[in-house]
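Structures follow.
Okay, so subunit A shows up in both of these, paired with subunit B first and subunit C after.
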Partner chain A sequence: MHIQKRMAGDVTILSLDGRLDLTSASTLKEASKDVLSNNAKKMVLNLDRVDFINSSGLGALVSILKEVRNSQGTMKLTNLAPYVKEIFDITQLSNIFDIFPDENQALSSF
Partner chain B sequence: MKEFIRIIFPVSLDSVRVADDIFEVLANNATRDKQLRYNIRTVLSEVFSNAFLYGDKNNCDVEIEVRTCFTENGFMASIINDGAGFADNKIKWDEFPATEQESGRGLKLIKRLCDRVEFKRADNNKFEVQVEFNTNITRQQIK
Partner chain C sequence: MSAPSITSNKVGNNFMAGISEPVARLKNPDRMEREEAALLLTANPDPEKAAELCRLLDDPDISVRNLVAEVLVKMGETAANALIAEASSPNHDVRKFVVDIMALINDQRFIPVLIDLLKDCNENVVGSAAEALGHVVSSDAVEPLIECIKTRPDSSPQAIEALGKIGSTRALQVLFDLLESDNIILEYAAVESIGKIRSPEAINKLLYLLQVGNPELRNVVLTTILKLAGTGNRDSIFKATGGKFADYLIEAAASDDMDVKKAALSEMAFWTGEKVVATLIRVLDYPDQEIVDLAQGALRVAGNSGLTEIINAIERNPDPIKILLIEISSFLKSHELLNGILAQADSINPDVRIAVARALTKFADRKGVAVLIKLANDEVGHVRAEAIRTLGIVGSDSEIDQIGKHLGDEFSDVREASLGALILISGPQTIELFKREIQNPDINRKIMAVRGLGWIGEEATSEILLEALTNEETEVRRQAIIGLSKMRCVRLDDHLALMLTDESPEVRKAAINAYLNSVGADSGEKIKVLLDDQDMWVRFYAINALDSINDRTSLDKLIEKLYDQPPFIQMAIINLIAKYADHQAEAELAKLVRNENKDISNAAREALETRTT
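Coming up: the complex of A and B.
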């Protein structure tokens, strides 16, 4: 998985590209840990180029969400593909993540 | 089950990556339905990941075997590995974990996304997970 980091004001945006599964979960966790270690409080994960997610990927996102909350921060997800969104719905994780159709709406919500 | 494809993987993270590539191809060949393709890929990925994570890691010769075939109703796959397995009658299949839990969703996703799942002992006391998808196609329809 490739992860691109950029800033939009005081919001850190991580754009993910590839599969979010067992093989990439640790990469994403490390990238998020790096962001939080710089005292970032606002994070957006853009999943526009994530074409596949399974329970390992979901677990990584839950782990990151917990870390963000423990840091008194806020995390949002954007641009979920329909099949990816369905996995969130089936597992009821769409109830705990703030999910937005695009980055602009996510950024406006902070 | 008449064997169509049979692949043996060593137990490694690289195998998980390669297996996912193969599952994507299998799913694309099993059906034209995009949602069903995603379901097949997700289920196979979940089963294989579990075999990797919870299989016997004390034996460096262990392998994960994947068998797939097209049935009268669709597509079937078995993933077989060395491992203790689990008591599937103790799982609450309709409940997903509390939100803060990082694991425990894989098996339930498998159950939700396929038409049939069976957990059983295979030859040589290995553990087998067999899944089936109703794709309502014949092999002649596959490009």
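Coming up: the complex of A and C.
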């Protein structure tokens, strides 16, 4: 998985590209830990280019969300492909995460 | 640009003498003409045109005056000198208009003119000049405005407001003195202006007024202080009151004045203490949702300073408030609250039990999980579903069997919650459980197990799913294909050719998608065979698949299959072959234009036209 990091004001945006599974979960956790260690409190994960997600990927997202909340921060997800949205609905993670159709809507919600 | 359509006759010869054409057009009866002229003047700001425009400020037609004012404002500083000259017009209405325009342009050159106009013989001009000085914000205006308050009582409210906007401490004493006047309007204006000056002296005076001030002014003083707190002066207020301000907040939160109440509740998020928390809890049953939302928001932030209050309130309040408090508690994440929440798991109201299950998402300890397992076996389906969903987030391997047994629950919501929870927990034990479930006599459990394995999507699940491709149940085979395809399991490719010939059309359709997903552009040969499938929907799927890979080698086969098909399949073939620049395809389409089915003939005609274009 390739992760691109950029800033929009005080919000850190991580754009994920590739498979979000057991192998890439640790890469993503590292990237988000890096963001939090820089005292950033607002994070957006753009899942537009995630072409595969499984339970390990979901577990990574839940774990990052917990880390962010423990740091008194906020995290939003955007651009979920229909099949990613499907697993979020099955697991009811859609009720736990703040999910937005695109980055602009996510950014304006902070 | 069109030629000017206005003549001197239309607008009056004498009046318009010395007025140039674009300015004169502002008086044209045709609205479009006027707006076009206004745009032209705005786009090319010119001091001479501004002077001409000022001459129209006493036009008898109010719409002309308003349009002229609008153009002058848009001209901005280009119009400054013309406006300054026009400020000495003998007509007081023109002077007032000029002052109003000056306020909107906001140019420092206007300050001496506006100060002079504070002595105008007309009271409306004086009031407007005072207001304009508040917009321009110049400390030079402080003394003249103070003088204005003393000498021009009718314009005092505007002068007081202007002093507040200028924000100079030199105005404070006069504003303090005004608090002793018998005029409540002036006292109100003075309090608001003192608040805008924001100096420590101003803040102290406002806090003093809370203790000994005119009771009629209490609400405006409270609102002013709340605004000050919200604009970066919270620390000063805290120091000045030694924390006693929270008492004022509590008083303001109980006010009948909705603005005061809302301002207080918003501010309460930044103050701590049991009394503040207790006040916020009391507001939760207020019959206005905005007020309740504000109190909830403040409690999510300030609640940690009054945990005992919250625990007691959960215990003693009616269920709707109890549910709100349980939800708020989950944001506070204090383990002191956990016992209070857990005690509600025995509530006779299922909505309270659901709130408990949801709140436990944030409390992943043993006690919390034990209560969730109990709620997962609740008599009410919705409670079971909510508890199982939460277990998926906070649970571990130890809960897999507890959750797994609900895959056969009588309520579909509970079954789906169990599937989701198991996917989230995943791991070898879950995979083993799903493997066993595939052997379950209940077809729904088999299907859920295969879906679950597909979503877990690890290497260990692919072996089981590959085995499931030969399962006797159609839906199991279909879900196995979907799961393996989603995982991009390369070993699926060895089985797909066989799955494309599966006895079930549903499986064959899933296989087409998987084959496309896996092989991509080279899958045409295999998919082409399915154009002969006995099931029309499989044929339809195959056509769409060929469309998506733009496989031209299937053209002959497609033409061959163009006839003796249901119309919707014929349409799909027409649309597909129309994309190939081929004479044979064109000839077939031309034949179909004469088809007796209008939909077919129209589709063929459109296809041919598109090709021509």
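Following the convention adopted for this analysis, the second predicted complex is superposed on the first by the 110 of 110 C-alpha atoms of A that agree within 3 Å, B and C clash if a C-alpha of one lies under 4 Å from a C-alpha of the other, contacts with A are read in each partner's own complex, and residues count from 1 in each chain.
In the analysis below, a contact is a pair of C-beta atoms (placed from the backbone, for glycine too) under 8 Å apart; a residue touches a chain by one contact, two chains touch by 3 or more.
All values derive from a computational prediction rather than experimental measurement.
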For this session: Once the two structures are overlaid on subunit A, check if subunit B and subunit C clash or fit side by side.
Result: clash
For this session: Give one of first, second, both or neither to describe whether A:62 is in contact with subunit B, with subunit C, with both, or with none.
Result: both
For this session: With the two complexes superposed on chain A, say which partner A:39 touches: subunit B (first), subunit C (second), both, or neither.
Result: neither
For this session: Considering only the touch criterion stated at the top, classify A:23 as touching first (subunit B), second (subunit C), both, or neither.
Result: first
Exercise. For subunit A, which side has the bigger count of touched residues, subunit B or subunit C?
Worked result: B
Exercise. Looking at the overlay, does A:91 come into contact with subunit B only (first), subunit C only (second), both, or neither?
Worked result: both
Exercise. So, A:83: does it touch subunit B (first), subunit C (second), both, or neither?
Worked result: both
Exercise. Just subunit B (first), just subunit C (second), both, or neither: which does A:54 touch?
Worked result: both
Exercise. Any idea which of 505-513, 559-567, 577-585 or 595-603 of subunit C is the one running into subunit B?
Worked result: 505-513
For this session: Once the two structures are superposed, pull the subunit A residues common to the subunit B and subunit C interfaces.
Result: 21-22, 52, 54-56, 58-59, 62, 83, 87, 90-93, 95-96
Seminar exercise, completed: Per the touch rule, the subunit A residues reaching subunit B in their complex are 19, 21-23, 52, 54-56, 58-60, 62-63, 66, 83, 86-87, 90-93, 95-96
Exercise. Quick one: in the complex, what on subunit B touches subunit A?
Worked result: 13, 16-17, 20, 24, 34-35, 38, 41-42, 45-46, 49, 52-53, 96, 99-103, 105-106, 108-109, 112-113
Exercise. Can you list the residues on subunit C that touch subunit A in the complex?
Worked result: 361, 389, 392-393, 416-417, 419-421, 423-426, 455-458, 486-488
Problem set entry | In the complex, subunit A residues that touch subunit C | 21-22, 52, 54-56, 58-59, 62, 83, 87, 90-93, 95-96
